[in-house]
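I have a structure I would like to understand better, so I am pasting it below and will then ask my questions one at a time.
Here the chain labels run A, B and C in written order, and each chain numbers its own residues starting at 1.
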């Protein structure tokens, strides 16, 4: 794993354009600031491409997509590609509705993404829609376990090969892969799924890390995944200090931990292995 | 009151589709998770009905309604009715603008709701617009007090009769009623009105409780109202541990309390009586 | 400085209509409640003017503007002017895209604002677009420092003269000026820029303070700027109680501090001088 990935973010304060859902947008903005980046949100077609052009990266999240914002996603994505910017896709709910699946597929067809960050179900929806390996649906269950880990790594690498993007597949075990190499990451804990937005926040952090470390996309994305999981662990330890604490404090503590995170803490806490 | 209402939520993790305002949407998602449910937000007409169909319940909140989302509310509501899903209406600001009053009335005309959750002014706006009892405006003041409690209970029961929905009328004293039976609930405290979203959050919790206990809508809605008020009480006690605490910590503590709530805590803390 | 400005807010609970961005809208609502006001959010053209008419003030923030909400801003702004309401403009990102700059300029042309609250870059964008003093861009750097303070004060007074609005220019040093008189304010600290929304929240507080003290707009706006900065200081002191605290706790502590703020605390903590 590359060194100083976090320091690079804190020193360059990468500006990230987010077209994202209104459920978790505040958390995304705050964790982007906490990790050392700088967020801009803008989703009108009248300015989406222009705002992207002043940024270093673009984070597209389809969590509460609508006809108006889909157009903006496409405009911003194409401009970001022209400018060689880092682009992240978070296909929230792909597979849950035709609109989401179709939009995610369309985005993949019209925009090149540096990283795609999703859970297994969402990534499977992207894959199967491409129509080449129906079997993926049948063969790969929706949870990454020790038993199916090799199979999942293989799927992530294939999806990376198809899309040209680094794949960050998050779940009980996270996999971050390009076509050549894959990391399995065991940071984090199940309580993180009891607050909304940990996935969306992670996608924002992935964007910031990748902009600041654009020559090392795979490592930057993996470091962001580790960082988010590790913040979940640090926050859980703190949470247990009082029995009155619950999930809302947990959210606060996760973002707090991100704002205090350093390369040293990351290195000491990372539970990562190469699987390839 | 039925037993194990909360346990039923935690065991079944009901998926609730929310078409809600962007002011408090994050709090609604987080309290839905905290109470044991699972939230999905989707407000585009292109997917509203489809998303509803994979859920167990629908929570419509008109807090920041617009032409686009009103259409989605109607589409999702009708589909939810076809599927026999639990439906909750939170008519935020009905009475404050013609658009809100008209939209709430239209929703009531075109969609059958399982529960309507609002304050007295909002519920009066629903009622008077129906044109049958102009007197309601004059006779019923906007606060539920010990003095007008019987009258308010009567109004809630009448509104329930008209709409076919369980009425959850919240204020200093809360009333939860169907056409036959009414509960008066004295949990909660005035500080809850100093944070935004306690009403919206409650509507989300009502939806989750009702989905998980769909054979006991009245009791489920009443339990949700008690739960929210009780969390307000637990949070207030915690708030007083430090003079530096204020309203933002209060919001955190309320959601924390909800994530720790059990049937035992509920039963011990409920201040509820049957009024009918 | 006028006395009892905060007490006036807490006693009258001014209702403020906000047409604002969805990134920080929840924080704006909560800090409006914390400072003693009462928020309403409504951005549909079908109700924007009507909602404004039941309020005491209007806070327009272009942070995530779009074609639909721009129309609502204009409708609400004009109605607010007809009714003599306090109007606040927060030109978020003016200068960052043509849409934002043009919209801010158009709002200034069609609506009279009581107060404009922005950073130096945003206010410069408003000014230079007017085309009279290109030099402002060249002469005035984007940070207010002790060195350029007099020049910045002069710029604020000129912009106030042009627009008829009190100018609240916030940065390392804040300047609040009308055409005659200016305050320089040194409350606050750099960590405030590491959470999203301190500017948006301040604009909400400015609106509430100005509605409750409408005969003293300059002092009310200055008091709001002091209040926000002072809450940032109080929150920072609290933040240092634990090394685990970070930026998300900081946000909570700022709003907590606002909910506990009194005229006495304000008077004791204000770092303000007249510069004119």
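Heads up, the rule we're going with is that a residue touches a chain if its C-beta (ideal position, glycine included) is under 8 Å from a C-beta of that chain, and two chains touch if they have at least 3 such contacts.
The chain list, named the UniProt way, goes like this: A, B, C = Hydroxyethylthiazole kinase.
This structure is a prediction, so every number in the text was calculated from the model and none was measured.
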Interface sides of chain B (Hydroxyethylthiazole kinase) and chain C (Hydroxyethylthiazole kinase): same vs different residues, half threshold: different
Rotation in the CA alignment of chain A (Hydroxyethylthiazole kinase) with chain C (Hydroxyethylthiazole kinase), degrees, nearest 5: 120
Whole-Å gap separating chain B (Hydroxyethylthiazole kinase) and chain C (Hydroxyethylthiazole kinase), where each centre is the average of the chain's CA atoms: 34
Multi-chain contact sites of chain B (Hydroxyethylthiazole kinase), meaning residues that touch two or more partners: 22, 26, 251-252
Complex contacts: residues of chain C (Hydroxyethylthiazole kinase) adjacent to chain A (Hydroxyethylthiazole kinase): 21-24, 26-27, 63-67, 93, 96-100, 194-197, 243-249, 251-252
Partner chain A (Hydroxyethylthiazole kinase), residues of chain B (Hydroxyethylthiazole kinase) touching it in the complex: 22, 25-26, 29-30, 33-34, 39-44, 46-47, 50-51, 54, 68, 234, 238, 251-260
